[in-house]
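In order of appearance the chains are A, B, C and D, and numbering begins at 1 in each one.
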């Protein structure tokens, strides 16, 4: 199929297109520069055109979601929407814990085409992929949890990085994972005994390995393999006042590790939901923002990127492999607590969270997130996330954009809506920045795509994937800086005029018109097959002793990942960029 | 004052759902509009006139002055007064699930028994049931830790198990007896039971007050006897007689009060 | 004699159930059994595998009696879950969706009546198709295609 | 019942997943001769009986009751068309079962429920539904079984008898195996059973605490108090001496890693979900002092998979009512036993489940008055009440598919032998039904 997307106002930061009126040509699933006379014209004169949205960190499939839905029927009820008569999508259910189909409907309507599931334990990877099969309309890479895996801990402890490299390469194949996720390294393992680790250099009591060792080892291995994405790190001490120092140390601990020569991205470490890791103080009474120091570091260094994890003032659900932190939250709030320890690999925890604009701590967290948006100068180093649903459900992205684009709106909130900690305990009030559409495009499309190493998307250049979103906003006649327009921004961005994925129109005029199967994106390292076989033979006896399923039944069978995109990486030995 | 009189003409073993039959939805509607109101029966949607004869008396300007009077065997009519906010409903029969659940205002009288889930998660208004009520009266819905938070429930007969789970606020008055597990997880509000209770009252209770004028077989170990008070003043009301005050549940460091008449 | 009935899984009943042998005598032998306190059996002068009739508010059924080694409680009997126990248990869920499988008050008497096979029992108790019990047995009763009409 | 070792076989298939209980043991070896399973290694007795089952009781052809009330063989087209029409024309249909089929089939079932406005429900409704209600109310602290194997030094079984119901639970997952931090297996662990009955599990435990039936709620309440350091005035709670309770709580508090498993003895007795509710809170409290997790002992091999699949698709774990086109879940109202007790359903289909074995007689009586469909592999009590019988295949033996273990670990179950000629998988049957119902819906429009 061929289309001409005509006369839109196009934002394509990677290709330096900043709001030019132009046509985008689509042939089959790619952007092209020539179409035949059969091409169908979609007139979008004056409308906002961007590449399809890319979310680099969200929780949309796998065991945490299942537990969440199972134990929060009150959240499911809150998001019930009967099927509409003139839409081909079905009913919706769930607010912070949407059902699988609902996730697809809501993201597509927002113009998103790629969403990363950020934490999958390999043991339950089949489950995550099975759920992805029920989510329509997205491309979904999954990040595989390694930060507390016993084999990893053993190799790190014994400094066997070659084995670790082969292990990661093999395990990504087994889990059909895209990249390496590290969550509270060593802390979730310590949770096996009801404990946590305190900071980057507190060794896990049994393994005597520290978070620092895990992060640096996995970063080295990630770069040696040349995986498209860098290590994706949820640093130690999440949600603890005073944790910004750990975060700073984490930023710094990998800075001398060399980046693989073949990768497109700039960073060697991606630190996720930094908002939760940027607090000063010793308790929730004397807590204040530590964002300024972290922002300063990010502005001065190029080896790291981050996403925000912006608070949105909702009743939502927190879910993370950082299980000890969730128990702390349970002690703090007394709300119903869910926990799941997963043998040999990780733990996870969940708890409902109520972020209120009247509660000092929530407001501090909200302001810290916005500080990052305001303070990080280069938008290519940052991505918009809410760590959905942890800080807020993903359907709040448009609301966040409305705050970022209007100082008037933000100031009004600071003056009238939110608790005074926002200005008293953070530097948010000192910024005076308004995001342009170009910058919004970067933090919701181009930057996350680049950070993920998915070069075919996040832009509209020749041969890029034809993933495009069009919003019913007349760019030249619309002032996003006005407070009075912030609701319009939210509504228009929630309901795209067109969402096009792989050259197919999925949404038209805010209605879903087509449902397609989601695509599983995973990373396949080539060139280590022999080493993998040897490692497998060594691992098997241990595996069968300490897991409770057989190694032979462990991996994700191919039929769970149809259709898939296999991102092939040729292993080329040590192949680093020179500094 | 406008009265909408509904007389049942057809009863089914498959229950029907009355979500749309509320004063605030019908007070300004014409006879035909009311007759055409959607009633749910299983996977079918049918007009009210399939099941009821409708008659209107008088007129009103707002829903507060609207009364819906329902006659016939309503034991298979669910959701009477569900999420109602104003006006009055009188059901002259036994009623099915969810009567007065989620109501925020207005007045419901049931001249008969009610099935389970009466007055669940109510936030305002009055629900009065002249007969007995089954399980989960005044409780929260599955998963919700914020239960009934306002309004009052008056039950003339007996109630079943798990009364007022997770109650936060509001008043419940039971004139009859009460089965096990009343006031579990309660963290506020006031329950008065005039009849007897078998056991396990107030388990995991954090706050709130339960007054028991009848007898109880045994108390949970989490409740500690405090004192005997003559004619105590509880929740702004004097209770005549000698009352034993217990506090608990210690298992949750609770400060709930249970007053039991000697 | 008045008793309290508990029902639940037993390993032998589960063995024949999972094997798919519910119509057969071995399933009846494993499942249509009331496991009793020896003292209770003596009170009714019951030997192992004697037959008793058990009656509750919900129905009555004939079972074999046998000695329990797990529940040495007078007045309490255990019946493996299955079509026989179902007849006497309480359907009441108290709005919690699970019927009452345990703690059912019932009365037992010695009897000479037969313990029925599953097919006979289902036909006699529920009588959905009004069949003649003498045609029913351990073998499934059905008409093959092409059988003479 | 003693089986001799099988020597006469020509093929071994290893690492098969058992299709009996929620243990889903995936280390089973099938022994085949001439493409028939003649032996099973590693499985427990019940698992083996499920795998090598009774072939002369097999449902082999679709059947419909004739005028005399006798089931008569028919073609798939006739049986499926009739089923589709009955379901399509019904007002309050119930689709029940699902515990012993694959997630792939379950997902088809959910789709059918959605387009027909049915209630879809599984065996949770008669087993651990109450446990799920408690999870919903107060929390869900669980683990995978390997955590127990590798770490647990204290294991408590409450109201469950795995030695009979989940025979390999102790030997494969919890008590006997060597674990990473428990090198001596059984010797490194303390096993405690709380049960009114002296069960086979109690018999192999280090400690058996007998409590009064139906007083679970009281017992766990008292334990919570003791854990908080409060003293009990009572000398005895629920038939257990206070001293014994104090000893128990001391062991639990001092555990390095504790695991608690509970069964229907907790979820089906008097206080039902509130028993589990307070038990969960006890586990939550214990985590202040030590590490504790819990898990319900799920019965059928994929009862947990149904809960997961249904939450993925609809948000709710069981008892989902699609009568309004979107999911509603209301315990006691949209659940199978309650609906049948109220005589509401006008259509009933059981897929891989036998209500004749599972439901109270009073409940079953309504099945006499309405159309009933059976989709299953074997003749059973429910066949005797079924108007239409659709013979299906055995997952993990004749059909592949996904199942979830009691701790929600997904397993892919193999197809090892061919199905009987005229049987079809549940997934196939439901796909065919779906197509026919879609067709009928289109004809209506």
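Rule of thumb we're sticking to: a residue touches a chain if its C-beta (ideal position, glycine included) is under 8 Å from a C-beta of that chain, and two chains touch if they have at least 3 such contacts.
Everything quoted here is computed from the prediction, not taken from an experiment.
If you take chain A and chain D together, the chains in touch with both are B.
Central chain assignment: D. Criterion: smallest distance from chain C-alpha mean to the mean of all protein C-alpha atoms.
Taking each chain's centre as the mean of its CA atoms, A is the chain most distant from chain C. Interface comparison, B-C against B-D: more C-beta pairs in contact at B-D. Separating the centre of chain B from that of chain C, both taken as means of CA atoms, is a distance of 41 Å. Inter-chain spacing, taken between the CA centroids of chain B and chain D, is 35 Å. Centre-to-centre separation between chain A and chain C, using Cα means, comes to 57 Å. If each chain is reduced to the centroid of its CA atoms, chain A and chain B end up 45 Å from each other. Contact of a single residue of chain A with at least two other chains is seen at positions 71-73, 336. With touch defined as above, residues shared between interfaces to two or more other chains in chain C number as follows: 94-96. Multi-chain contact residues of chain B (touching two or more other chains) are listed as 116-117, 135-136, 141-143, 145, 162.
Inter-chain contacts, as defined above, occur between A-B, A-D, B-C, B-D, C-D. Residue ranges of chain A in contact with chain D, taken from their complex: 63, 65-67, 69-73, 76, 79-83, 90-94, 97-101, 123-124, 126-127, 130-131, 134, 150, 191-194, 206, 327, 330-331, 336-344, 350, 545-550, 552-553, 557. Of all the residues in chain B, the ones that touch chain D in their complex are 13-15, 40-44, 78, 97, 116-117, 135-136, 141-143, 145, 162, 165-166, 180-181, 184-185, 199-200, 203-204, 220-222, 249-253. Of all residues in chain B, only 141-145 touch chain A in the complex they form.
The residues of chain B lying in touch with chain C in their complex are 116-117, 134-136, 160-162. Contacts from chain C toward chain B in the complex involve residues 94-96.
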